[in-house]
Amino acid sequence: MSEAPKPVLETCALRKAFGGITATDNVTFSLPPGARHALIGPNGAGKTTFVNLLSGVLPATSGEIYLNGVNVTNWSVRDRARAGLARTFQINQLYADLSPLETILIAINERENAATSWFRPLGSRSDLVDEAAALLAQLNLADAMHARVGSLAYGRQRLLEIAIALASKPQVLLLDEPAAGVPEGERDQVLDVVAALPADVSLILIEHDMDLVFRFAKTISVLVNGALFVEGTRDEIARDPRVRQVYLGEEEIAHG
Amino acid sequence: MLTILFDGVAYGMLLFVLAVGLCITLGLMNFINLAHGAFAMAGGYLTVVMMNRMGISFYWCLPAAFLFSAVLGVVLERVLYRRLYDKTHLDQVLFSIGLIFMAMAAVDYAMGASPQIVKLPPSLSGRVEILGAQVGIYHLFVIVICGLLTIGLQFVIAKTRFGSRLRASVDDGRVARGLGVNVTGIFALTFAVGSGLAGLGGALGAPILSMDPSFPLKYMIFFLIVISIGGTTTITGPFFASILLGVADVGGKYFVPEIGGFIIYTIMVAVLIFRPQGLFTRSAAR
Amino acid sequence: MIPDSPNKPAGWLLWRTRWRWYELAFWAAAASSFFIFPSKLMLISEIFILGLLAVSIDLTLGFAGLVTLGQGAFFGVGAYAAGLMAKYGAGTAPFSDPLLGLLVAGSVAGALGFVTSFLVLRGSDLTRLMVTLGVALIVEEIVTQAKDITGGSDGLQGVMSSPVLGVWSFDLYGRTAFWYALIVTFVCFWFCRRLVNSSFGLSLLAIKGNPLRARTIGMPVNTRLVAIYTIAATISGISGGLLTQTTQFASPDMVAFHRSADALLILVFGGSGFLYGGLIGAVVFRVMQDFIGNITPQYWLFWVGLVLVLLVLFVRGGIIGMLMALRERFSRKGEGS
Amino acid sequence: SQETVKVGLIATLTGPQAASGRQKVAGARLYMQLNGNMVAGKKIELIIKDDTGVADVTRRHAQELIVNDKVAAIAGFSLTPLALAVAPVITQSKTPAIIMTAGTSVITERSPYFVRVSFTLPQQSVPIAEWVANNGAKTAVSLVSDYGPGIDAQNAFKMRFEEKGGKVLEQLKAPLANPEFSPFLQRAKDLKPDALFLFVPAPTAGTLMKQVIDRGLTEANIRVIGTGDITDDDQLNGIGDSVLGLITSHFYSAAHGSAMNQKFVAEFKKANPGMRPNFIAVGGWDGMHAFYEAVKKTNGDTDGTKLVDAMKGATWESPRGMMTIDPQTRDVIQDVYIRKVEKRDGELYNIEFDVVKQVKDPMHK
Amino acid sequence: MADVLKLESVSAGYGEAVVLNGVSFTLQPGTALALLGRNGVGKTTLINTIIGLTRMRSGAIHFDGCDVTRQRPDERARGGIGWVPQERNIFKSLTVEENLTAIMRPGKWGLEEIYAMFPRLAERKRNMGNQLSGGEQQMLAIARALATNPRLLLLDEPLEGLAPIIVDELLAALRKVVREEKMSAIIVEQSARKILPLTDHAIILERGSVAYEGVSADLAQDAETLARLLGVAEKSAA
């Protein structure tokens, strides 16, 4: 029956209303394993809201969400995270007073159920610490490993934001404008990190930087006024006149 | 029955009059000024001194108490409080407790430790009968003042540009400044009004509660309860919360005196469990 | 001194948690105060006890970021639990043992902490302050109302602590009380120190720093908060039990608001988030109170208030924060020359 | 070289009870000022400590005074729990503790080293119960603060009032920290008793009395009576004319007519401008007197047991009138007066018009 | 024509750290200036110094011929400087409309004009500040600066987070405002490519000093400078 691989993430008639505003409108969507998917759309189209619904930060008004075929609609943020769903935030959510090493270690500890050990000093599990250090090195953050996160330059904080999500070895990763605020010269670095992720991790990227989107995504969904407007491959979307009209405007698309 | 209800409202209004200034500093400026009671005490003692030592009429004491505390408030705001706006709530709590301690010791030094009592002018003492219930004239007086205050303040906050500038300054003073809002002036003025109202509350409360140096601590819990139940975004919230608390407390003590002491705290904890932002908060999405 | 930090981060993290010479010096000083101030043993024991209470608040405030104004409830419940154990267990061998009393005090307070912890999971700082204060006020009401058990406003009478481990009985000079309080405080402190230096402790800092982020990496934030709140309550209970056992009575002001406020004050005095802040704060606060109280008993409050105001205005992180800032300046100067 | 005998005075000098502490210290100091500090060849030294009204602080001060300062006796104690807190210490160290204020009956039973020179609540309540019953009251309601002394007062009042054939309709208890009495007063009013008996600690009395007057209880033909705490001399003028005519029972009034009291009041006012002595000040005075006399009797021996023995049975004239320390219970036996608030020279006073002689505490067996 | 803005060797920083080091430039009315530079070179610091929110160490700032060096930020703002902060900093407990009215000063830009420019904001005018999407917040931040009816507009990365089509519209609108209303603008942007065609002059900062100053059109052609000072790869500069 099922030739197409089973989707890792699905939504069914998902809806979110804020009072009179419908921010997510009947979205039925599915994400195959290993997807490189981008979600674009005008400002206020409901992209962040959609990610918030998926990750459980906001409760859905109606509709369902399935993760690996399991209905997770009523699961808490934490349970979804443990089930393999990770996200980054449009606005950094970091621990300003800790160091990048500690930040990553927190995520790894949680993944490995090591955070409940209350008696062994931090650092006694050197395997986990080494993994954290390696991840930071991979993102070019090794030199700042012991610095205070709050004192890092913005671009590096964005990288750390992504590193946290990676540390939990997610199955599905939701990236909400990962390159926002990152200078042009460093954007490629962000993209490289994302591109280097294991092929079986499914990715959803929200971005307004079309260079990034079209270089990264194989498939794209366009969200307008909360509803799915069109879905298609990168080239279909780039050519679609309606998308140009509501979203892209005169933007030149650099094909990557 | 009606008398009890009325007593409850009157008691509630007394709580409100003490708390209303705090609604301003805490509710609108988001500053946990526990020393609020110290400003109330300043107003109360001013009334004591003016009436008992100088023989000035009670009616003159009210505006004087307002002005005196307001000036005191502005001075302290300029010198001390403004340094704490961007500190944590905990710092604010400790700072203002420190001020309370100093105020208590200072008043003790200046005025002595024994309770000071002021007498009401004849025109405000006594009772009238309303709907068959005996009502203290002074209580009526307090209720009327509270009602007027609530309406006036609520109007200023919700309907004027001053209100939205104030909220903008609280949200992000730096940016408000950069956009042309005179944050310093707004804060000073608001703080003055808040402490002035505290002083007025102290003056209005003095005839009923009697003043002693431990006043700021003794009543602190009560007005904090009012604020936390009423929520911090409006004036009407604490107003209704005061009435609710007053009626519940007085009614509880009248009908079930054995557990009277628990009622007010239990209500508070219950409310805060179910509505952590208070009972009468402006709901997030209007 | 930092052992090749970038290459061996695990070793560096471990190195960070070692016992330092100044910590050892602190405890050595605490112990030697027995010989230096033999006439102040009672005061010193009280300082340990108060310090332990402040340390327990530090667990919730300094590490998990929960403000509370009601730690007095747990302190008081522990005090009464230990008092009742001593009163009714008097003479019957295992029940009257002070250590068992402490165990019970800790458990009862911990149980109360567990139950009430669910109230502090939601809301803002102000809500938390008020809810914890409310709980403390209710406990205080209960203590004063339940006269048959607690003795009501007059306090619990007839508390006679048996000798510690059946050997050392509490003497008038407070010698046993001193060692007993010191050792119990140290053991609890040692426990807290392990706790905050563990992965668990780090996860608390994560919650304090950004609960939303903590949730999205799969952290059971509420469970952790409940756990630390319960642990803190247990330690508060133990310190309350200590006070009852060393003073041989319990009274409602052990539950009272000012107990919580004092402890919080002491913690911030010393500096929260360092664990030692509570202890150092207790020393300074009490010594100051004793000193000023002897000069001008009526107005000592004024000076405490003044110190508090100045501290908040000019010093970040209390006394420890001040010391660290000094050290930094000193070492920078050293580098410059 | 001359030997010093130290006395530790533990008073509450900060917090809501601060006013009482001030009175007590002033009374004790006045005694020493007028009677010199030499007794039986020894110099008496007073060490004052503030317990802030917190029991464990009281206890620590007691312990330090005894262990470090080697005091011969401690004195003071503004509230019952504060006194009870020191019981184990004084028993263990055999140090006399002279109670200058706290008024719950049981205190003196908790240690053989307690001696009381103040009063007990039942001792004050019984005479007024008797008086009001004799003067036509058939029914009564009592309203007290909910703590040891309050309960004592309430029970003693009920006991004697019902012995006399009256009926206590209800015993109301208001929380100790309570600014609002209106529900209780309204309830009392609605029960329509002939008399309303009140007891609250001195600092609260002013607030309570204002509300009593405001509520029009006296106009509703309810006779408001109480122990002298509610018309405390220190605060009486502040409460105002509304309490004119209020009848209370107490062991001391600043208006007591004896020559000794007149001198006491005059000297007290001179030494403490702006203050008028109240029963707490007299407690301070008599506490010092009891100690001086005991040291005289033992000829300077400061052994605790001997001092207590010396105090047992002692009788002397105090500004309040004649008083005795009961040799069995170590509690005070004294005259209790029925007084009425009146105005003299523009000031309010409790004017004594009846007296019950040499009342013992009715609660001790 | 007199300069709208004139900076004379301005130095500023945070605490002990000096971020700006002797920055000088002038700005004519009706012109737009692109302020470029890598991450952390001090662009935001410069903007904040002009509005008065960072502590200046030395130098002077003249606005419209007056020395405003000693003026408070709110005085400068009322004097006619509008500001779009990099972090948007929408007042979260005010509605969209209140965000505008609270700081609005009389002039051409009233609610109507603003809503016409950002129809999205009109639709959301009753939302609280924290109930907006990232892009909507950005629009509101720009609208808020316009509502103060300034003569000089300071825009700190105003395009961040906006949809491409909005970016186009916004740039066009800004160009019109600058030309027609003789408003001046300083625009900070990460992407030289987007901003150079719109502006008259450009400044590139490096480590707190002006490393390049010139006509925008020239800079757009100067691939070498762009690569050296901004690290922009060939393809995006082209």
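Per-chain numbering from 1; labels A, B, C, D and E assigned in written order.
Keep in mind that, in the parts below, a contact is a pair of C-beta atoms (placed from the backbone, for glycine too) under 8 Å apart; a residue touches a chain by one contact, two chains touch by 3 or more.
Fair warning: this is a prediction, and the values are worked out from it, not measured in the lab.
Q: By label order, what chains touch chain B and chain D together?
A: Of all the chains present, those in contact with both chain B and chain D are C.
Q: Name the chain whose C-alpha centroid is most distant from the C-alpha centroid of chain B.
A: Most distant chain from chain B: A.
Q: Higher C-beta contact count, A-C or B-E?
A: A-C
Q: Compared with chain E, which chain's mean CA position is the farthest off?
A: Most distant chain from chain E: D.
Q: Averaging only over C-alpha atoms, locate the centres of chain B and chain E and give their separation in whole Å.
A: Here the centre of chain E sits 44 Å away from the centre of chain B.
Q: Taking each chain's centre as the mean of its CA atoms, how far is chain A from chain E in angstrom?
A: Chain centroid spacing, chain A to chain E, equals 30 Å.
Q: Report the inter-centroid distance (CA atoms only) between chain C and chain D in whole Å.
A: 38
Q: For chain C, write out the residues touching at least two other chains, lowest number first.
A: 141, 298, 300-301
Q: Show the residues in chain B shared as contacts by 2 or more other chains, in ascending order.
A: 104-105, 108, 113, 261, 285-286
Q: Send over the residues of chain E in touch with two or more other chains.
A: 127, 131, in rising order.
Q: State the interface residues of chain D toward chain C in the complex, per the touch definition above.
A: 13-14, 18, 22, 48-50, 53-56, 59-60, 63-64, 66-68, 80-81, 84-85, 87-89, 92-93, 104, 110, 146-148, 175-176
Q: Going by the contact rule set out above, which residues of chain C touch chain D in the complex?
A: So the residues of chain C in touch with chain D come to 39-40, 42-43, 46, 141, 144, 152-155, 157, 159-160, 172-174, 243, 247-249, 251-254, 258, 293, 297-298, 300-301.
Q: Taking the touch rule as given, give the residues of chain B at its contact with chain C in the complex, in rising order.
A: It is residues 26, 32, 80, 83-84, 87, 89-91, 93-95, 97-106, 108-109, 113, 221, 224-225, 227-228, 232, 261-262, 265-266, 268-269, 272-273, 276-277 of chain B that touch chain C.
Q: Help me check something: in the complex, which residues belonging to chain C touch chain B?
A: Its residues touching chain B are 61, 67, 119, 122-127, 129-131, 133-135, 137-138, 141, 145, 257, 261, 264-265, 268, 298-302, 304-309, 311-313.
Q: Name, in rising order, each residue of chain B that touches chain E in their complex.
A: Of all residues in chain B, those touching chain E are 161, 164-165, 167-168, 170-172, 174-184, 233, 284-286.
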